[in-house]
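Naming follows writing order (A, B, C, D, E and F), and every chain is counted from residue 1.
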Amino acid sequence: MRTDGRNYDELRRVEIIRDYIKPAEGSVFISIGDTRVICTATVEEKVPPFLRNSGKGWITAEYSMLPRATGVRTIREASKGKVTGRTMEIQRLIGRALRSVVDLKALGERTLWIDCDVIQADGGTRTTAITGAFVAMVDALIPLFEKKALKKFPVKDFLAATSVGIIGEKACLDLCYEEDSSAVVDMNVIMTGKGKYVEIQGTGEENPFTPEQLQEMLTLARKGTAELTVIQKQLLGNNAEFIGGNNG
Amino acid sequence: MRTDGRNYDELRRVEIIRDYIKPAEGSVFISIGDTRVICTATVEEKVPPFLRNSGKGWITAEYSMLPRATGVRTIREASKGKVTGRTMEIQRLIGRALRSVVDLKALGERTLWIDCDVIQADGGTRTTAITGAFVAMVDALIPLFEKKALKKFPVKDFLAATSVGIIGEKACLDLCYEEDSSAVVDMNVIMTGKGKYVEIQGTGEENPFTPEQLQEMLTLARKGTAELTVIQKQLLGNNAEFIGGNNG
Amino acid sequence: MRTDGRNYDELRRVEIIRDYIKPAEGSVFISIGDTRVICTATVEEKVPPFLRNSGKGWITAEYSMLPRATGVRTIREASKGKVTGRTMEIQRLIGRALRSVVDLKALGERTLWIDCDVIQADGGTRTTAITGAFVAMVDALIPLFEKKALKKFPVKDFLAATSVGIIGEKACLDLCYEEDSSAVVDMNVIMTGKGKYVEIQGTGEENPFTPEQLQEMLTLARKGTAELTVIQKQLLGNNAEFIGGNNG
Amino acid sequence: MRTDGRNYDELRRVEIIRDYIKPAEGSVFISIGDTRVICTATVEEKVPPFLRNSGKGWITAEYSMLPRATGVRTIREASKGKVTGRTMEIQRLIGRALRSVVDLKALGERTLWIDCDVIQADGGTRTTAITGAFVAMVDALIPLFEKKALKKFPVKDFLAATSVGIIGEKACLDLCYEEDSSAVVDMNVIMTGKGKYVEIQGTGEENPFTPEQLQEMLTLARKGTAELTVIQKQLLGNNAEFIGGNNG
Amino acid sequence: MRTDGRNYDELRRVEIIRDYIKPAEGSVFISIGDTRVICTATVEEKVPPFLRNSGKGWITAEYSMLPRATGVRTIREASKGKVTGRTMEIQRLIGRALRSVVDLKALGERTLWIDCDVIQADGGTRTTAITGAFVAMVDALIPLFEKKALKKFPVKDFLAATSVGIIGEKACLDLCYEEDSSAVVDMNVIMTGKGKYVEIQGTGEENPFTPEQLQEMLTLARKGTAELTVIQKQLLGNNAEFIGGNNG
Amino acid sequence: MRTDGRNYDELRRVEIIRDYIKPAEGSVFISIGDTRVICTATVEEKVPPFLRNSGKGWITAEYSMLPRATGVRTIREASKGKVTGRTMEIQRLIGRALRSVVDLKALGERTLWIDCDVIQADGGTRTTAITGAFVAMVDALIPLFEKKALKKFPVKDFLAATSVGIIGEKACLDLCYEEDSSAVVDMNVIMTGKGKYVEIQGTGEENPFTPEQLQEMLTLARKGTAELTVIQKQLLGNNAEFIGGNNG
């Protein structure tokens, strides 16, 4: 039995609110269990130097946690004067994940800035951020597509992420903080709507894991991301059809 | 007529939600018009070096804005590696203001960390932060007082803040961003529940102002902060009685 | 009786030496009591990015203290690798104050860099810096005006600043460090030669103050800044006539 | 056919030189193809604050590249004043990997500092660093064990790492830089001597990958790490017996 | 003929004012030609970690220039967030030079902080700083010696510094900025009152120099530093006798 | 007798390997005794801003030590977020020294980046770096000259550096770390192949030195640098003839 009574293959309650922040081009408030993240997407009409005159766009993500998102207050990175290694890893991961489902040529010479700010943290903040940021990104692109600034809708597929882990001997889906702390293996899996892997990051720092355990975790992750994609699709309604469509 | 149809001496709609962030000792979500701030209060059982063995406590505030709180995305201070002058001014102001209504001896050797994170900005973020942070601070202290860790409730008086300005020739209360941008004089006033000044900061960078204009603005500020205090009192209910009380 | 025998409404001894630093376009050594500041004004023939092609100029101020300006050596900000919040507040204040009496259009696309370096500190360093920087700024602009690089003399009015405070129950003018440390209220007031307010910053962190105390302090500040303006005028001699004149 | 004529499941030439740096407790020079890394292990008789009085030790890794390890000179992180996100990810990975095969209790309150400096880079620098650092770590611990400062040899298992990827449609082992640049999927796998996974990091930023491709890559990685472990064992000779042994 | 009419072996006019900054334990204003430096000496009753419980003291120097000490405004190091290489070299040089004539054992576990702030720069700022700092240091130590906090006066010898260079083909003493810019060789020499070398730093970046030119420059430097020592002695009056004396 | 049995005027064993790092335009591995440095030279086809459109080139050097180059691990400057004063001094010295033998006009608008990374340190790292970097620089320039991108070979003379010092009473050549630590005077001398001084830096922090001692040290340094130049010449073979030649 899990600490919150869930089944081993059950996601926590998911809620996504679109258009949460007025000034942003795309924005969602996403909560998965007690993990809550504000994701915004900003369209900037220029690209980083290495892409100038390439005809291609870029997606950059930034991630942060409010100091009291956690039980013990964490020091602000702005006060420390530098971003921690953990934050850098997460923001690189989010950017990479979103880029994997976007046709950067079709995006044109634009940068999408994705900001994920964790308001409350209870495990799985990075996977929650990716799942929410995907919706914010789509929302930021739709007006551009509707006013023909984009010839083709650049999002090629859905994208969702979840965490899995081994607790005791058992593979479990969508770990909350308490579970995450006691898990011997921790794995984040990001998948497309079509069921391909975008990123797998599994760590057995406490306990290296066997090929069989790996397969169990991958199976759970596939189930979890598929369920998240269903939620994203319902939420986007008609707009979901643009994704991966023949809309050139 | 003001841009949003308000009277010259009218506050925007105020909403304060208590206990907004689960892990924090005190937390509120405050919105004044479209300005929205999450304020948390954290109790730390130690003080900065300059107060060790003094028997006195301290209050430190930190302030930040999400990148898309504003119409144009602002670069994160963590990414820049330093806090801007504006942020420093605001966090020093918030800390000073809260300390002015707290008996630091009665607080004992504890630090209150006040975090104000602007989710959406539409003018008056620093005064909104102070008004909300006051409530979060009281909420963080009540459990300490109830379990007798504090002999005396250390909050001596209510505290609220508002902005006033001269738009055209007219003094106005509680400027939204659009008004603030066009105001020739901009003033922030922080007052206690008993109607004393804690801080006055008035700037006529565009247009120095006369003593008469100063008086008009001070009158509006008094009205605005009094109304905010009424809202704080209602919200705190019975707990409001601890403030400034004979509870020693 | 005040610690140095002055009357409650009396300034300390003021001395201003012009052309103190040979390489600078404008420079003064100003002492008010034992507070001594070197102020220089530098003319740079370009503006910050946000003003390019606007036809307008800009004024930026920087402020620093020598490590032994104070009784206890303060660590250099260069060694710490960052500017403190106090310094940022002061340099923003100085810049804002000087800009309030300058017609930035008439200045043209130039930046005035104002540097205020406190050699010895005995209270009121920021107000002393502003009073001295005003003279250095005028001196830096006169040659430009005389060689017709400026069509109109851009300085619209005199500018002087002083501090006032409540010591015990009594409002006092121009606090020295010892008085400042024991004052319950501390206020800086910056006024134009015509008697308008440019900036009011009053803080009652130790003790919130009443409207009556505010009026007493404002009256003293008016007297003090008026006297400082008389000294500035005498010092500038004929050049004083350019200020605010019909010199187009 | 691969660019350097290797078979798809073939490692590049591996060379490891022990005791390469005289002053270090453990040090190796490892080259895999044209990738060359100097790995040193330093024993420090104290632990980071979070482990004080826990009886447990710690392993921290740092990674860097000489500016001309690469075809285009990279700017030194010391000159930039900060460590890049890529470096942080790699040093966190190396530390985590080594800790997974060390009994930190048996290590006692000591820190092992692992330094991996890439002298020449031709793909796979992080996996080469891990493979070499493992040997340097063992060498640094042996003298401690021999002089009885360690009651039990703390290294529980061998550790080796390699990269795999999809080039065109084909899974390949141990990518050189040229292959890595053109790979559509890139995966780093770290395994123990007993064939368990310590870390899997696979990214299909350019092209999400199928479950079948994942299995092919995992099979190659297993073969490659097993071969590297054979080389490590031969090199360590008799000392290899301490690893995972009943030496308590 | 030199640009300012001096003879090739002639120092510029030297002026040293003692007790220039009230709050500092020792302080001088030194001008050599148009180079002006404020030097202060601070006594701190503790030492850096590497000297704790060694019974020995330390001397640390910091050096800075006001932005308009020079013809073109230089950016403040505090604003840049780091100290330049030039500044670091100079402050290390000043500290090393002063330590060479101080018996650090006799100083006891104290740190002398030497601050040299260049108010106006016209060549030779580092040598001027050393010559002035020596006097400030002696002045800071005398009260300690007089109140018996020091058993022995720790200053063993006088210390003065000057610059020499090759202009065209001619060796010259005490270069001003204009000469320094056109010199093909530039050398700073620091000598004790007894005529020994403490530091020689000669650079022929533009033109390597011959052994004969080196000898000519060393001869001039000896003459210049001897003259500076005479001035220091006169200025210190009776206190000069403590230096290197049998005062144990 | 010296600690390693050398004569007082004897260099340690010198070894220089050319073309040590494949990707670099010029690179050497130099060892002098147990001091080992990798030096690379990179040609960049642009110059720093202050030289744009001047027709002149530039040489910039960077220097670093691996953490375990030394007996006690030194913290990485990248981790500290800043370069130490010692490193800055050394990299400025190396750059200045190399520029002194290069005709920057003949180099054209190019920057040579010289990177010196100390793999193992046993005294004299900066002089070893200079001696090695000279060879790497020549090797980087030869291909440019051979393909006529340079009309004239820009290196005017050989360059080598060594350290000398006073141990006890005796002047000694090429100090190893153990000697360096006990030396009372420490001097680095950089000389051209024609026997001129490029830089002399002598410090008697522990013990000021006499003119006679200075002469003895200069004589040894002359002998040592001459021997190093012989080694450089042999190593460069025919290419040595380009240096200082009539190759216009």
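Note that in this section contacts are C-beta pairs under 8 Å (C-beta built on N, C-alpha and C of every residue); 3 or more make two chains touch, one makes a residue touch a chain.
None of the values given here were measured: they were computed from a predicted structure.
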item	value
Mutual neighbours - chains that touch chain B and chain F alike	none
Listed chain pair B-C, D-F or C-E that repeats interface A-D [over half of contact pairs the same by residue number]	B-C
Chain centre separation in whole Å, for chain D relative to chain C (CA means)	60
Centre distance in Å when chain D and chain E are each reduced to the mean of their C-alpha atoms	51
Touching two or more other chains - residues of chain A	81-83
Chain order, ring traversed from chain C with chain E following	C, E, F, D, A, B
For the chain C and chain E complex, residues of the former touching the latter	21-24, 27, 34, 38, 40, 42, 44, 62, 64, 66-71, 73, 76-83, 87, 113, 115, 117, 119-121
Chain C - residues contacting chain B, complex	82-86, 88-89, 91-92, 96, 99-101, 157, 187, 191-192, 194, 196-211, 214, 218
